[in-house]
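Below is one structure, written out as structure tokens, with a few remarks after it.
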Amino acid sequence: MILIFKKDATEEQIQSAVHKIEHLGYTPHLSRGAVKTICGVTGDDRALDASEFDQMPGVETVLRVLKPYKLASREFHPDPTRVTVGGVGVGPGSFAVIAGPCSVETEGQVESAAELLQKCGLKLMRGGAFKPRSSPYSFQGLGEQGLQILSAAAKRHGLTVVTEVLSEYDVDLVGRYTGVFQVGARNMQNFALLKALGETRTPVLLKRSMMGTIEELLLSAEYIMKGGNPHVILCERGIRTFETQTRNTLDISAVPVIKRLSHLPILVDPSHAVGDWHYVAPASLAALAVGADGIMVEIHPDPSAAKSDGKQTLTYEHFQALLGRMRDLAPHVGVAVY
Amino acid sequence: MILIFKKDATEEQIQSAVHKIEHLGYTPHLSRGAVKTICGVTGDDRALDASEFDQMPGVETVLRVLKPYKLASREFHPDPTRVTVGGVGVGPGSFAVIAGPCSVETEGQVESAAELLQKCGLKLMRGGAFKPRSSPYSFQGLGEQGLQILSAAAKRHGLTVVTEVLSEYDVDLVGRYTGVFQVGARNMQNFALLKALGETRTPVLLKRSMMGTIEELLLSAEYIMKGGNPHVILCERGIRTFETQTRNTLDISAVPVIKRLSHLPILVDPSHAVGDWHYVAPASLAALAVGADGIMVEIHPDPSAAKSDGKQTLTYEHFQALLGRMRDLAPHVGVAVY
Amino acid sequence: MILIFKKDATEEQIQSAVHKIEHLGYTPHLSRGAVKTICGVTGDDRALDASEFDQMPGVETVLRVLKPYKLASREFHPDPTRVTVGGVGVGPGSFAVIAGPCSVETEGQVESAAELLQKCGLKLMRGGAFKPRSSPYSFQGLGEQGLQILSAAAKRHGLTVVTEVLSEYDVDLVGRYTGVFQVGARNMQNFALLKALGETRTPVLLKRSMMGTIEELLLSAEYIMKGGNPHVILCERGIRTFETQTRNTLDISAVPVIKRLSHLPILVDPSHAVGDWHYVAPASLAALAVGADGIMVEIHPDPSAAKSDGKQTLTYEHFQALLGRMRDLAPHVGVAVY
Amino acid sequence: MILIFKKDATEEQIQSAVHKIEHLGYTPHLSRGAVKTICGVTGDDRALDASEFDQMPGVETVLRVLKPYKLASREFHPDPTRVTVGGVGVGPGSFAVIAGPCSVETEGQVESAAELLQKCGLKLMRGGAFKPRSSPYSFQGLGEQGLQILSAAAKRHGLTVVTEVLSEYDVDLVGRYTGVFQVGARNMQNFALLKALGETRTPVLLKRSMMGTIEELLLSAEYIMKGGNPHVILCERGIRTFETQTRNTLDISAVPVIKRLSHLPILVDPSHAVGDWHYVAPASLAALAVGADGIMVEIHPDPSAAKSDGKQTLTYEHFQALLGRMRDLAPHVGVAVY
């Protein structure tokens, strides 16, 4: 931590801060500049709250030196992490393709998706049974029945299910059916849920909130990891900006930023990021080229009949064409698509 | 709903959309322009999903005519609503001042705040017992013990408690101690919580998410109201933008916008919006002048010792000075401060 | 400036940065923490580019201690500045109301506005002769003829003109007609224009860009002041965010932030900020209460016939009602409206 | 254009709007819904200002059906455009790599860059002689001398120069040295400059503003094209958002969006988008995979000694490695890198 004093801070104010730092068990290092005095604080100050100091008279600003997360950081864990999901690894050398419907609607719909994934040699199927919807008048999901449909179809086709859990009280229920817990964008800072997932050992796919900073995403991962569950997969899914041509703005450079700050794998969800199927294939190719560890996309046999997100959903034909293009590019990016 | 067809849409594509509209029980009205054809849809289309159409061949865009919320809208409820809380009304003619600590820390701290509020003639005390914090290393609140402290102090001083509920499973517990449920910004779209609050008849203070649009805020109010609880008070608390001098950007014009779109009362939380106590007083005066129905502010006997949010917290002296200024201005804005 | 070294920076890398600092004439102060080493740099480093260091091996981040502007800062100029315009002062104790049409359209229109302002006891009239428009198909302004109309009407009614200058090559031309140069939001970083205005001694009304940070606004003021023209008036006019109910988001707390960082007067342009006349009056009252030094609003005898910005323009009746409300509030805020 | 009337609009108000539409030469088509009435307007309404109607009593909203640009749109020009620059084409089938220093500093520096580009088989060299800088204390560029250095080095190595023009008054001067005019992000809405460039026949590289929507970018292209110059190349260079880990947020999906809306070629500037050389290579590969027509990157023999933007500048070694990777991927994306 670094304290920057005001231009006209008195010696007494400076000493008062110095004493407080010492009192809390840290070591102060004063540098007196021509204009301002600064004070470096040494010791592991992650638990130190900046607001302990920024209210003191004479103090202008308090800057942090250490990143506020530790378990999720690459500084303390230099090697990249590979999270094993249903027998396959998500992380370096692989490009995981998770596909499936936005919402589980019928057995036939899920069966057709599972069949397609198996035929394509993929292993991970997404599908929503509990749907968070902005409007109370929209379809809210099939609940446990949806989980049963998903899980049965996955079993028939050798797939692992990835599905969303909305509340800490549903962790047990959802956990009976899923291989990966998905934390949706709206729940990135549902800390009770994160803590509950930290107590399981099931992999968690943690989606970035549409207004979450990268630092906040890593802090949310830290919640899960601090609880004892190291199997966290991050997912960029677009942030909210002023641009309205796309549903959100895909922050593609979040991928290399996260690769540098953290050892955790990072996927991209192009469907929610762009919100329009026309842009899903190019965004998926960009995710592959930029170095993401995979994508999660929405597919439907007839998107115009989908009960949610039809606009951003690929048909099976478009999805297979995209998969072909990704498999063609993958060796040149140094990964295998599965 | 209005469908706009592509410039080169075929007659067959247009007729196919027309048939689908009729099939769903609505009435289509075609207008053929020099460049494009449009089709108005009449009937109450709130339950109609735009994605039913925007995927159809030949369709370029689908626009909504009706607002997606109804119970929260002024169109269907022209008179402003007054929500009664602890014997006083929040709404037209009043300016409610809700004050108290960010987090409940000790009995003494809460007692001193309650004493101050009573002395100042105020009626509503805020305080957090369950604290959602970005970092797992930050103070997480006292839990039920905090609720007991709050509730006891409120009783001694004739105040009503406003405190946050984080999960639908805590509604009963928190409800035993509070007069108003606060839904925090991070939970604006925690739909399970909104539904649970819709089943109570206790007033709900619903804060806008830092990433929530005004329309989404009103849709979240609609969730609560649709459940049967009409006592919703909205709260603007700053949105996330590129500006970093303030914690968030106070969207002051959200107040008159919401007044025009909805009949519900709307407060401002200047503390979280600006994140620095220097700006809390001017922002509070702006809230009063712009027509808000009140404010919610954080106060502490010694902000530099506060366990959370110290930087944005007013001392008792600053708070009393602010209250004096607001009481001076209030008659000229046509409201009474309480 | 403060250098933060990487966790694994070598002693050689640290010494290499230390030598560079000394070589450039500054003094380094090393603090070695348990995890990371930091190095404070003393001396006036405003001219020092962070990129001199942040590319060096072993360096993780470079932080600035001094604000990058000086002439515009309150640190170096503690007393607030009052800019005199047409015989009246803009700054502490006053609340300047600048009103007039968005675009100059006809002599009659401008004459009626000037008449109204004189009748209301106001002194400053706005009006656009050169209009920057997003679309090449929109009305582009009357040019010099518009300036003549503005200037003649102002003279007849004892007013001072405030009008926009779009290019450094127009400074002489526009200067012949105007009392205050307005720099529009799109030109906040037109540095050639800022430099040219720095060479005049005419007051400049500098509008914040819709995506300009407060720091960038103050740096743009610094350009003008560094050229020798200290008469700068700042203007907040809304920033671009994800919210679409208003044209921009009025950043009302920018006013107290700027008051704290700078000694320059700061106005608010509610018309462009909210983009809808329904919200202009509340936003103006908020500007008054928050401590702004004035507002600039668009008025028109018949907004629905205006050639630009009709939606956000007040009728004369609405404007007079607003003025009455502001004059009623002003004594309680400690200012005089003129 | 479509008018949506208020729920309680009177028949007289509706008829008044209908008459105005007819009076302006367009055809109204009324659809009366259960809740609201709408009125479609047919005819080419691009020149019609929405504000003609949205102020009328009884009118709630006015929606546009036609896009406000025409020459830049794919609707009116379905085939993609190829802009020829220095003998090579920018557009379908090619991936143009424009590289060079941020600022021209010395002859040696530019010569070394030109030599490198020629050796790599590239054709286009960027370099800034007039530099727009946020701070008046930063390096402002060498001006015409910089242009001479650029142009001479380009000639020696068979390259075409791409350099920025800041003002309409510099078009002749800069035009004597450059093969492509670059319009910087801060000038995207400098309409006088756009008009002046519309009168030349030299290709223009138009960068998106950090606050510009895609629609505004296309409207700015329309300004140039309406003047008679069809040789416009667009460039995405990052938009401003709340995320601070990167200088801006690269809006990678703007590429397929623009490909769908417009026939003009679109490049990506990864250097300004991400602002940190660590992320420039992944962002460049993403640009290639997403379907951009090229990139523009900053290179320097010693970035830590660069007078501007050192942090985001690639060394020659890193640049060559990136070029190798792009040439490896390019055939799989269906383009040739030059």
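In this document, chain identifiers A, B, C and D correspond to the written order of the chains, with residue numbering beginning at 1 in each.
Criterion: a residue touches a chain if its C-beta (ideal position, glycine included) is under 8 Å from a C-beta of that chain, and two chains touch if they have at least 3 such contacts.
Quick caveat, the model's predicted, so the values are computed rather than measured.
Participant: Does A-C or A-B have more contacting C-beta pairs?
Facilitator: Ranking A-C and A-B by C-beta contacts puts A-B first.
Participant: Let me check something: if the centre of a chain is the mean of its CA atoms, which chain is farthest from chain D?
Facilitator: That would be chain B.
Participant: Quick one: report the Å distance separating chain A from chain C, using the average Cα coordinate of each chain.
Facilitator: Here the centre of chain C sits 38 Å away from the centre of chain A.
Participant: In whole angstrom, how far does the Cα centroid of chain A sit from the Cα centroid of chain D?
Facilitator: Taking the average C-alpha coordinate of chain A and of chain D, the gap between them is 31 Å.
Participant: CA centre of chain A versus CA centre of chain B: separation in Å?
Facilitator: 26
Participant: I need the residues of chain D touching at least two other chains; which ones are they?
Facilitator: Answer for chain D, listing residues that touch two or more other chains: 211, 240-242, 244.
Participant: Within the complex, which stretch of chain C touches chain D?
Facilitator: By the definition above, chain C touches chain D via 46-47, 49-56, 68-69, 132-138, 140, 166-169, 186-187, 189-192, 209-211, 216, 219-220, 222-223, 226, 240, 277, 303-304, 306-311.
Participant: Applying the document's contact rule, which stretches of chain D touch chain B when the two form their complex?
Facilitator: Per the stated touch rule, the residues are 2, 4, 7, 29, 31-36, 38, 40-44, 63, 65-66, 75, 240-242, 244.
Participant: So in the complex, the part of chain D that touches chain A is made up of which residues?
Facilitator: 211, 213-215, 239, 241-246, 249-257, 260-261, 273-274, 278-279, 282-283, 285-291, 328-329, 332-333
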